[in-house]
Amino acid sequence: MPKSAVRISRKNTEVPKNNKNNCIKIGMIGVGYWGVKLARNFHELPGANLKIVADLKAERLKEINQLFPDVGTTPKYENVLKQVDGVVIATPVHSHYRLAKAALEAGKHVMVEKPITSKVSQARELVEIAKRNELSLMVGHTFVYNPAVEVVRKIVQSGELGDIYYINATRANLGLLQPDINVMWDLAPHDISILRYILGKDPTYVNAHGGVYVNSRSKLHEVVYLTLYFDNALVNVRLSWLDPVKQRRVTIVGSKKMLVYDDIIDNKVVVYDKGVELPPYSDTLTEEEFRASYRHGEEVSYPIEWVEPLRTECNQFLECIRTGCPSPSGGEEGLRVVQILETAQRSLLNHGCELKVEY
Amino acid sequence: MPKSAVRISRKNTEVPKNNKNNCIKIGMIGVGYWGVKLARNFHELPGANLKIVADLKAERLKEINQLFPDVGTTPKYENVLKQVDGVVIATPVHSHYRLAKAALEAGKHVMVEKPITSKVSQARELVEIAKRNELSLMVGHTFVYNPAVEVVRKIVQSGELGDIYYINATRANLGLLQPDINVMWDLAPHDISILRYILGKDPTYVNAHGGVYVNSRSKLHEVVYLTLYFDNALVNVRLSWLDPVKQRRVTIVGSKKMLVYDDIIDNKVVVYDKGVELPPYSDTLTEEEFRASYRHGEEVSYPIEWVEPLRTECNQFLECIRTGCPSPSGGEEGLRVVQILETAQRSLLNHGCELKVEY
Amino acid sequence: MPKSAVRISRKNTEVPKNNKNNCIKIGMIGVGYWGVKLARNFHELPGANLKIVADLKAERLKEINQLFPDVGTTPKYENVLKQVDGVVIATPVHSHYRLAKAALEAGKHVMVEKPITSKVSQARELVEIAKRNELSLMVGHTFVYNPAVEVVRKIVQSGELGDIYYINATRANLGLLQPDINVMWDLAPHDISILRYILGKDPTYVNAHGGVYVNSRSKLHEVVYLTLYFDNALVNVRLSWLDPVKQRRVTIVGSKKMLVYDDIIDNKVVVYDKGVELPPYSDTLTEEEFRASYRHGEEVSYPIEWVEPLRTECNQFLECIRTGCPSPSGGEEGLRVVQILETAQRSLLNHGCELKVEY
Amino acid sequence: MPKSAVRISRKNTEVPKNNKNNCIKIGMIGVGYWGVKLARNFHELPGANLKIVADLKAERLKEINQLFPDVGTTPKYENVLKQVDGVVIATPVHSHYRLAKAALEAGKHVMVEKPITSKVSQARELVEIAKRNELSLMVGHTFVYNPAVEVVRKIVQSGELGDIYYINATRANLGLLQPDINVMWDLAPHDISILRYILGKDPTYVNAHGGVYVNSRSKLHEVVYLTLYFDNALVNVRLSWLDPVKQRRVTIVGSKKMLVYDDIIDNKVVVYDKGVELPPYSDTLTEEEFRASYRHGEEVSYPIEWVEPLRTECNQFLECIRTGCPSPSGGEEGLRVVQILETAQRSLLNHGCELKVEY
């Protein structure tokens, strides 16, 4: 459990019953591509009662009416705040702060899509309001609920790989260009939340390089190379909306073994018993003796028991509301991710200079 | 043909005859792992007469005696210089300058392994001596003789991909750690020579990040991320001696199409008719209209007529000696590669700051 | 008048009378070295009625009792907020935000010492609260009320110096080391506010280098070299708490003339009719013809009509309260100064890398 | 004596006699503004016989004929090399390497104006040729022969100032814009040679910022701020060809005392018994106790016994020729200065990024 998480005490713990009316009442704001997936999950989950959904677009609300005839719809988010225990926000990033703040100030628990906000100061304010009002605040870092990531985390934390030397990650595909954020703010929350979760710490320095090609009017980068230093471990993340082949792959190289986590193929997690060891130092070492000894041992695929990460994430939100427990993707985690992104964005705009992350 | 290449005039053009005695006499210095491959090629090539091979290690010379009983061997490189027309140098990098200089000053044509030298000033001096003495100077940038690279180059130069947006390259495997150079100086000459050849120009800015993990005593980086700006085109090259899976892959993303060149698989070059186009700008553009239109067209594999690149390279050296023609991997090209590497090394030692390449 | 200043409309404009009871009621929080000077001015000014002063230290309040027996004293700043129209805050920087916010939220006009806050987000919040509540918010950028600075500004704005090439500034003396801020946050608000006032624009890029010597425990820099780019004009400011000779000097070099403003001597502002002009370009230009022609013309001292800047500043605050007019050192100006300082601080902690100022 | 200096052994030590014919024969190449001063000194010095002077400009040779009728003149530098023991080169920087190399290869001792060359590789080559041929190679770092600098050096080396915290230097005036080098290459050799001489070590990191204003065609900076890190000691040097007031001033702040060396005034070296000391750390320290204690002690002017530095420098060259002894401004020192300048120039062209000096 992340150090930053704090068990929230609260006065009235709500316990859901079989009766839908006794379930936790959930409202949603924003039901675009991702919002519909969230709505489906909350609609299906036994402990939840998806009461009402808000969206500015009539056609989307119509779609919700057809999919879930028992769920109310409204063009005004204010209507959502009145009827529910928890609010799920899946709108464009620029509106996260305003909507989450309104929900928290109305005394509602909040789950907001990643990134939590587009500014550190806004994220910090949300965390403070949630803490002050003893409300749960969760961010949609879906991958920390991914069973493959959980397996990777256990392997890394067990020490099986030895010290972590470096990590190479790629998250690339063709599209989806976002109108208000660049590819880093869109995709890197996944990698940063995975890395923080796996390594159990925060990066100290970052830098970022990238390019704007298709939509030069917007100045929003479509390709970004993000470098993070987790103490000595160098992590490079390639993020691209412009790649002919979809890739979601993380290679972790340790002093003892190496691991590849490929989210697209079936054998998602493979550990390679490979490595290099130098002979102990000696002044009379010949070049041949210098030659590192390479170890090419066996490859082991780790089985993954698949559960839809989004389902786990939604359940976690209900659990947080019920018990006040912290989540692995709470407001503090969301704040950290934005602190890292904001520093990386600064590097991106300043010739990729290496910058200390300001926490 | 690269602009920098200059046709060298010379007084005595040697024409090879059928008789081995009339062939171009080749001597070799250094017959380690790579040197033996070069020796085999020169031994087999009709126009060449591999006369003599030098190496400091007796066991290697013994191996040569067994492989090629008709070729002389010597522990002293000076003996090579006396008997041949052209000298092929395949020794550790730190000795390239001294040996190539000695050979050029002895009036011999020279082919030297990559990188040409470990310092710009040394490379420049070799280029100047070769020019002054009207001798051919070639560098072992093998990949510019690779038929797959030639196909990629023709596709790029034809404009089929449109403007080049960015390029992502990976050259990774487990080992071979070098005792005197880091992974960038070992592997990046391949990528830089490929990129210069394909794009027909030089990078203006570079930066590099990396890590030393196994051999921390040597301070030689085993993993390097190299960024090069060819005008607006961003190129990122991942170089690693510590990777569980061998990879040699280049993705080129253009405004019209995208290309993947994977040197390890059979279908080495594939062009994807994929892309993104934004609608023309309008103030009243809705978010939906903003959405870029993605084009997912056909994938075309380009056939490669395979010829061993090293064979082509060795033939090119003979051709240069015979006719004085320039090669696509001449001394000037070698110098440019070292200028880029030296600037990148500086970035590597200075927090990865972006630096203008000094040509 | 700065572009950012906005005329504040308000419902009740207070007009001071001869009778002290009809004057603007002023309260002070913090009466250390600088606070006493402010107290003296407000005590003397005809339009002001210095009602009450708060400080945590009894001895300081005792001093106030002796100096101004008609002024109330209290250890609690909350008592000040109840009795006055305007609040003057001269406490350590870390408390500015909290106290200014409390005063603004209590409906009081506020004048706060420089820098306005130690964080951009805090400064922005104060500006927003003041705007929302239609209150005056002023920052103690004393030098923009200095008659010598006013003369310099008029000369620069008149175009007499031509285009501004570069500016060199020094603000150095022995001490006063601050316990909670470094020398840049202590002294640079003066230079930045002077430069913005004189040049009428904001710097785009900054960098900073410096050192911590005496108080290495605090990590607060005692010497800082701050570089600011106002478009093409390069400005270097030397800030030091550790210098044997007190210096406050600004040299402005323009394309037509040069100016020296030395705040310590009597002839504070001198304009030098000096310059360099190159002959028009010609291919056949010899080295002699190349030689720039140096112009060593007359030096002119500009007379300054001296008025204590602090007196002018205090009067400005009263004027702002009375009429709602903007001041040349309003909250927006304070915010800009902190935005510049925060970016410079980031550079200071990141090897002096050049950073774009984030406004 | 600098560590890098090496006593040169030689076969024929020449001892000068009273008779001019037995004196050391000196030739000069280049007699512009500075060359004439050198000529005058060598003409006057008892141990020297100024034989011949070369310059491309007839008018300058005419001037030499009038000033020193007994000295030969020639437009061809080759004529100088034939007749002399030592050659003094005072030409534009770009010709230093070629002329010094020719002189050293002709077996002549060489004294060359600063900077020794415009490239590190050229300086290194000159040092190597001189060493190989057992010849003296001296660079015109005049200030290390300045009696005031010698006094400063003794004070610093004695430890009287304590640990050196930081140094601020200014070298500014109006003109002289050089046609082939920027202000840093023109003026900083003075400051760098002074700093190396005073501190007895080399800077590890440098950065530089500056501007091109008058001669934007040439891209040669007219104003440069150079930062050097001598271990922890921060040194900032302001260099300007565009300043209304001539300044040559160095402030050295140490842990015990502070020193100002002003080359323009009579009291060139003043030591201030000033400083700041913090009380020992305590958790219960109040703000008042925190306040550093400032010490404002006496100021002491150090007497300087004035000897023209150029005279001492010329004498040193004769001494080096006679005895083979090293000088405090030998070729190695010249090389170091160019290594520092080349790295600083790189920083100047790369947004002032901090770079490790490559020695």
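The letters A, B, C and D name the chains in turn, as written, and every chain counts its residues from 1.
The rule is short, and it goes like this: contacts are C-beta pairs under 8 Å (C-beta built on N, C-alpha and C of every residue); 3 or more make two chains touch, one makes a residue touch a chain.
On a predicted model such as this, the values are computed, not experimentally measured, just so you know.
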Between the pairs A-B and A-C, the one where more C-beta pairs touch: A-B
Farthest chain relative to chain A (centres taken as mean CA coordinates): D
Centre-to-centre distance between chain D and chain A (centres being mean Cα positions), rounded to whole Å: 59
Intercentroid distance (Cα basis), chain B paired with chain A, Å: 41
Between chain C and chain A, distance of the C-alpha-averaged centres to the nearest whole Å: 44
Where chain C touches two or more other chains, by residue: 351, 353-354
Parts of chain D lying in touch with chain C, wherever the complex brings them together: 165-166, 168, 174-175, 177, 179, 207, 209-211, 213-215, 217, 223, 225, 227, 232, 234, 236, 238, 240-245, 251, 253, 255, 258-260, 272, 274, 276-278, 281, 287, 290-292, 294, 296, 351-354
Parts of chain C lying in touch with chain A, wherever the complex brings them together: 121, 346, 349-351, 353-356, 358
